[in-house]
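Look at the two complexes coming up: chain A is in both, with chain B in one and chain C in the other.
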Partner chain A sequence: MVNIIVCIKHVPDTETRIKIKEDKKGIETTGIKYIISPYDEFALEEAIRIKEKHGGTVTAITMGPKRADDILRTALAVGADNAIHILSENGDSINTVMTIGEVIKTLPYDIILTGKEAVDYGMGVFPSGIAEYLGINNINNVTKLDISNRSLVASRQVEGGDEIVEASFPVVISAQKGLNTPRYPALPNIFKAKKREVKILDAKSISVPPFISGGSLVELSLPPPKKGAKMVEGQTPEEIAAKLIKMLKEEAKVL
Partner chain B sequence: MNHNNIIRCEKIDTENININDIENTTDKNIIERYLSDESAIFKGNASKIYFPKNELELIVILKEANKLKIHVTVSGAGTGLNGARVPFGGIIISTENMITIKHELKNKEQLIEWEENGKNYSIIIGSSDNSVYYAIVPPGLPLYILNKMIEPMNLFYPPQPTEKGSYIGGNVATNASGARTYYYGTTREWINRLKIILPKGDLIDVKRGWYRSWNNQFNILTNNGTELILNLFSHATPDVKKNVAGLYIKPDMDFIDLFIGSEGILGIFTEIELKLIKQPGYTSYIIADFINHIESMKAIANVKKMALSNDGSNITVIEFFDENSIDFIKKFSNPVIPNISGSVVIFEIQSDDEDKLYDRLTHLNTILNKYGIINSYVATEYGHKKKIEELRHSLPDSINKFLRRYGTNKIATDIAVPDKNLYKMYSYYEEVGSMINIPYVIYGHIGDNHLHFNFLPKNRDEVEKASKAIVLLLKKAVSFGGTVTAEHGIGKKNLLSFMYDKNTIEKMKIIKKTIDPDFILNKNNIFGDENEKPYL
Partner chain C sequence: MDIQSLLVAAGLTIALAILLWRVIELIRILLQGKKAEPLNNLPKRIYLVIVNVFGQKKLLKDKKAGIMHAVIFWGFIVLFFDTANIFGTALFTNFTFPLIGHTIFFDYLVLLEDLFALFVLVAVIYAMARRLVIKVPRLMLSSEALIILVMILFLMVTILLMNGAHIVLKNSYVPSAYMPVSSTVALALTSVNPSTLRYVIDISLAIHIFILLSFIVYVPYSKHLHIMTAPFNVLLSPLSPAKGITPAIKDIDKQETFGAETIEDFTWKDYLDMYTCTECGRCTSSCPANITGKLLSPREIILDLKHELFRQSKITLYEKKKVPAREVVDNVIKEEVLWDCTTCRACEEACPVFINHLPKIIKMRQNLVMMKGKIPETAQLALRNLETNYNPWGISSESREEWASELTVNIARNSKKFEYLYFAGCAVSYDERAKKIAQSFVNILNKAGVSYAILGNEERCTGDPAKRMGNEYLAQTLANENITNFNKYGVKKIITTCPHCFNSIKNEYPELGLKNVEVIHHTEFIEKLVHDNKIKLKKGSAVVTYHDSCYLARYNDIYKEPREILANAGFKIKEMERNKKNGFCCGAGGGRMWMEEHKGKRINVERSEEALKTGASVVAVACPYCMTMLNDGIKSLKGDETNTSVKDIAEIVSEQIM
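Let's turn to the complex of A and B:
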């Protein structure tokens, strides 16, 4: 029996055309469609697979505004046993780690699964942050996971290859692409999940140790628009090559 | 509005516009981009391209072209698959800058503006009562931008042709359709009103219902007092929902329908009023993986029978992929759906009521499970739905990757056949496919009995062989009471003679000649040269 906690986040669809608010501190949320962060989806799938193979329970946790309820319903539909929604409008990474950490402390846990990063701000603070806060093991960027007898062996992606790491429970695992292919929920479960209970907590009522945030958001800006390609024209390959070299020297200044 | 059954052109003053002031270019590099389309079958040539911003400029260009007897080819987004926008000489008019509607707003109308890629689009949205909405849009508006503009208002334009970069003007000219045509019909059903510039520069404002044919005729009175008499006629048309071969002509018809799907030969649209509906409350998909296409087709036939019952939830799309298509997707893209292997069918279900949606999904799933099904997945939530859409679009991408590798092009059909002949047609596809021994895939809008059969040749020799085989398929489709083109159109492919006899084609041609005696506008579309071979 393994007690598994999976932490998931509701993020804007990766194809969203982001518009920055006038105060440059946030994005316009009207018209945005939200999805479960893709790496969190791998974490959720892995949690269900571990439960199916080894027995145990899966508790899905998200922290975010009301709309984030959607992904907890998805988690319940694919096989999570419990769901906890920490209502919050605030996105500070350290505060998120500590708030979720406080909630996890009240639960039994052997494995905490989450994505290697959320695809909205892409900070990647959460997996190691939560391991540090709880004082437990941590393996990141995992693409393969084998559980046996209160411990696990994980394969994690590192520059140029894979690293095989062994760890005992409890442990935080962050999922990388390739860990699995997430399933689709079965039809009856989708609708049953809508009626299941989700435990709702208010982030403000969860007390966390005093802290000074490591940084504060100054301003958001969009990347500069991509410039169009420049076509090199000419009658013969020699002529085109000569023009290209001239452009690389004089315009791009790379030669 | 029917004034003695005579359709009067509007008085337009273009005195103040000098043709030289209208944006244009003779730059070969720019013109180059307008000389082919998605089909890549044709490569044309042109001396000049104009970019009019409004209907007045458009009229001036057309009048000048008529005066000098220069051929004009109209270009939309270039997403067509039949060469209709490819110019064979003369000049090009691109509608890409015709992107705004300037009007005084009537009661219950509002102007919507949108900036995308540095261009400023505008449309008008209105409602005649609380549930009937319309949008007045310019011809150069891309479909995906229309969608973005109306989505925040919870409105929906149902036809949704597959190519989201296509312009609405092009959609009307081709009577475009797509997957949702199964439930919502083609573009034709969603057009309320058109402003049309005739080939000689006369302007007509046509609303559905204003002009009905009279004694099998339409009479148009142009600004210079000429009366154009268009003689309508009856002819045998295929017994299919989707058919865009040739002009749409019936003895008793609405004037607006003559222009929709006319492939640009009768006029250019400068303003289009579309019918809109409220966004359906819930949209879901079921993707079903069958052991083979025989099982999936049996299941579909049964589902189509039940789809007719209307209980507040509707099956709006039925899309089919044969085993070869699925193999192709697996080889060339990364399918995001777990473990698909056989023949796949995607159903879209829409409803305003969640319980009814659930009942329909459950019922549908029960039916599907009576056949040889491997697995089925349901997507109700945005993230899952998106993955299914990606799967749907990954087939054309996979095919293109394959063809690029060999430097060939696909040899495809656009056939639709009547219900009763779908299986027979499918068997014939297989018979010809295995006889020729060139890889092929069969996929598409099976809800409308409209499957795309595509040969994927690896060299010139195979292209040659496949083209010959396609002729067999086209002839068979017509003998089954089907059409050779359900949605792509004839364009410059010279296929009309497969469908209609000489006499019928001649009568259609006379309508074109009456409106455009010198064949100034889009001259090579629809009516090919009978001595030339068809392009496939």
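Let's turn to the complex of A and C:
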């Protein structure tokens, strides 16, 4: 029996055409289609697989505005037992770590699974932050996970290869692409999940230690639009190669 | 009554009792099936029976087999009178047919019987040769087929022997001129002495009656059951069979189970289809997946389900311990087989007894996808893309209208009134190559001064791929959003450049509540513009071949318009071997566009080879999926530098417009 907690985040779909608000401190949210952050989805799938194989419970937690309820319903549809929604409009990473950390402290847990980062702001603070806050083990960027008696062996991606790491419970695991292929939820489960209970907590009512945030948002801006590829033309391969070298030196300044 | 009459009477009673028992059993099984589509339009149904059962229309598409079968079938009807006469004479003294009696009509009937006895004999020998000597690939060499053929052979031989002997013995009151075949047999028997001839008659009669009785018992237990069920299957078939693939699931969000998991989840009509399959193999031999080496065989799907039906119904009807029906997928039919289908309808088109293979495949897919979440990975990605961005490519729904950004195109939300809605669809909105189809088509619309608009970013996938991949729920969600938008803008006429969109909106949306909307495919629309002189075309001279899209051709009977446009533009059309109703799929339908194709030859390559064989310089298409598939196919065969181009009818017209 393994008690698993999955932390998931509601993020704009990766295909969303992001529009920045006039104050440059946020994005326009109207018309955005939200999804469960893809790395969190790997974490959720892994949690369900562990439960199916070893028994136990899966509790899905998200922190975010009302609309984030969607992904908790998805979690319940694919097999989570409980869902907790911490209502909050605040996106600060440290605050999120501590608030979710306080909630997790009230629950039994052996494994905490989450994505290696959320695909909206891509800070990647949460996995190690939560492990630090709870004072437990942490393995990040995991692509393979084997559970045995009260411990696990994880394979994690490192530059140029894999690192095999062993850890005892409790442990925070952050999921990398390749860990699994998330399942397609069955329709009756989606219908049932709509009627299941989601425990709602207000972030403001959860007291966290005082902290100074690591930084503050100055301004958001969009990346410059992509330019089309430039074709190097010429009569002979030698001529083309010479032109390419010249362009790399003078235009791209990489040589 | 003498002993012989008693024996015949007893035999006939037993045979008919067994037949009746079996018929009741078959009806009991049918009654266990789920509800099927309601039956409507009886006159049309009767017409179909007349043409396809009595006229043998679909069978005659395969000339040799068709003529053979038609002769046996008509022979059956004609010789039924002979059978009635034989039993009548055996059971009653001085038997004559009511009404006809010994009039000249009886003589004509005898003439017909005499001729058909020979025709059927020849046909049966040919049928045996097809199985044993010629070995036609689509035929399975089954003992059932041979048993029946031998039976019919003996029935014909005995008839001719009896009649021949009767002529020699001058027993026959019908002038021998009305029995030309039997008279020829009689010539051969003239030297035989009368007592031997009487002996021949008795033995022949005994054999004949014995075979007839066996026939009555054997038919309903063998594949020849089709003799009894085919007329009903034709009569009760859905009138626009696969146009909508499967009927919409009503109140879908109130359902708890979806699709077919066990044999018990199929409808009574599905069961009747299974009863009716005669294993002829026309379906499988026209299936693009099967032809290119995939596992799918439409015939095996029907036969496997049929065996499962009889296996399970034995338990439900007769056994005390009711073992629940097992899952069909993987116990009866491999999961992979179901994903091989391109929903091209070649199988249904080929089936002479109107079996609908597709709804069964789709119902099994529905169960896999909606109940179990089982679906090939790439197809799952397409479904997720449909959920988040309303198109299977997964590109932002906010960039749907970008194809039109540099053109003069009205977008519904910005324009006041428009006559036609051009429903572009996902393919021409997102696929770089296919965008040119939409751009060419609006050029034509602009040149012809048509009042139109597009939905732009408000447009959603019609749901066609989701429905065919088994996610009816997603399909309905998408369809409902489109219907809401159609109503919002008061749309009354819709033009599509994609046959899949066309088929969905035309044949599937009405079930979901779309009313009084005319749906037009762009080939129909352009043909009318040309015909009404709204646009004038320069005369081209190239040799063109036209590839029929399944969803345009087999599904919606549009063959003429695209060809007329090409002819009008001066092109010479060189047809591929398989065309129109017998056209060969490009491989992309039924969600196959988003699935891998590893096994066997690629379907698009098979079709591209056929297109190249015509020597045409342009392969004309009328579907963006076909465009992608044939482009890829031709490039893989000829390389990027090929001078054979694939063009949509809209592109061709846009180039030729004056």
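Criterion: the second predicted complex is superposed on the first by the 228 of 255 C-alpha atoms of A that agree within 3 Å, B and C clash if a C-alpha of one lies under 4 Å from a C-alpha of the other, contacts with A are read in each partner's own complex, and residues count from 1 in each chain.
To be clear about the criterion, a residue touches a chain if its C-beta (ideal position, glycine included) is under 8 Å from a C-beta of that chain, and two chains touch if they have at least 3 such contacts.
As the structure is a prediction and not an experimental result, all values here were calculated from the model.
With chain A as the common reference, chain B cannot sit beside chain C without a clash. By the document's definition of touching, neither partner reaches A:135: not chain B, not chain C. Of the two partner chains placed by the overlay, neither chain B nor chain C lies in contact with A:161. In the superposed three-chain model, the partner touching more residues of chain A is B, compared with the other of chain B and chain C. When both complexes are overlaid on chain A, the residue A:36 reaches chain B alone and has no touch with chain C.
By the document's definition of touching, of the two partners only chain C reaches A:16; chain B does not.
Contact with chain B, but none with chain C, is seen for A:74 once the two complexes are overlaid on the shared chain.
When the two structures are aligned on the shared chain, A:233 is found in touch with chain B, with no touch to chain C.
The clashing stretch of chain C relative to chain B, chosen from 255-263, 273-281 or 309-317, is 255-263 in the chain A superposition. 13, 31, 33, 35, 181, 183-188, 191 are the residues of chain A that lie in the contact sets of both chain B and chain C, per the superposition on chain A. Interface residues of chain C, counted against chain A in their complex, comprise 253, 256-258, 369-375, 377, 380, 383-384, 388-389, 394-399, 473. Chain contact summary for the complex, chain B toward chain A: residues 29, 151-152, 336-339, 358, 361-362, 365, 377-384, 386. Residues of chain A that touch chain B in their complex: 13, 30-31, 33-36, 41, 70, 73-74, 181-188, 190-191, 231, 233. Residue ranges on chain A touching chain C, taken from their complex, read 13, 15-17, 31, 33, 35, 181, 183-188, 191.
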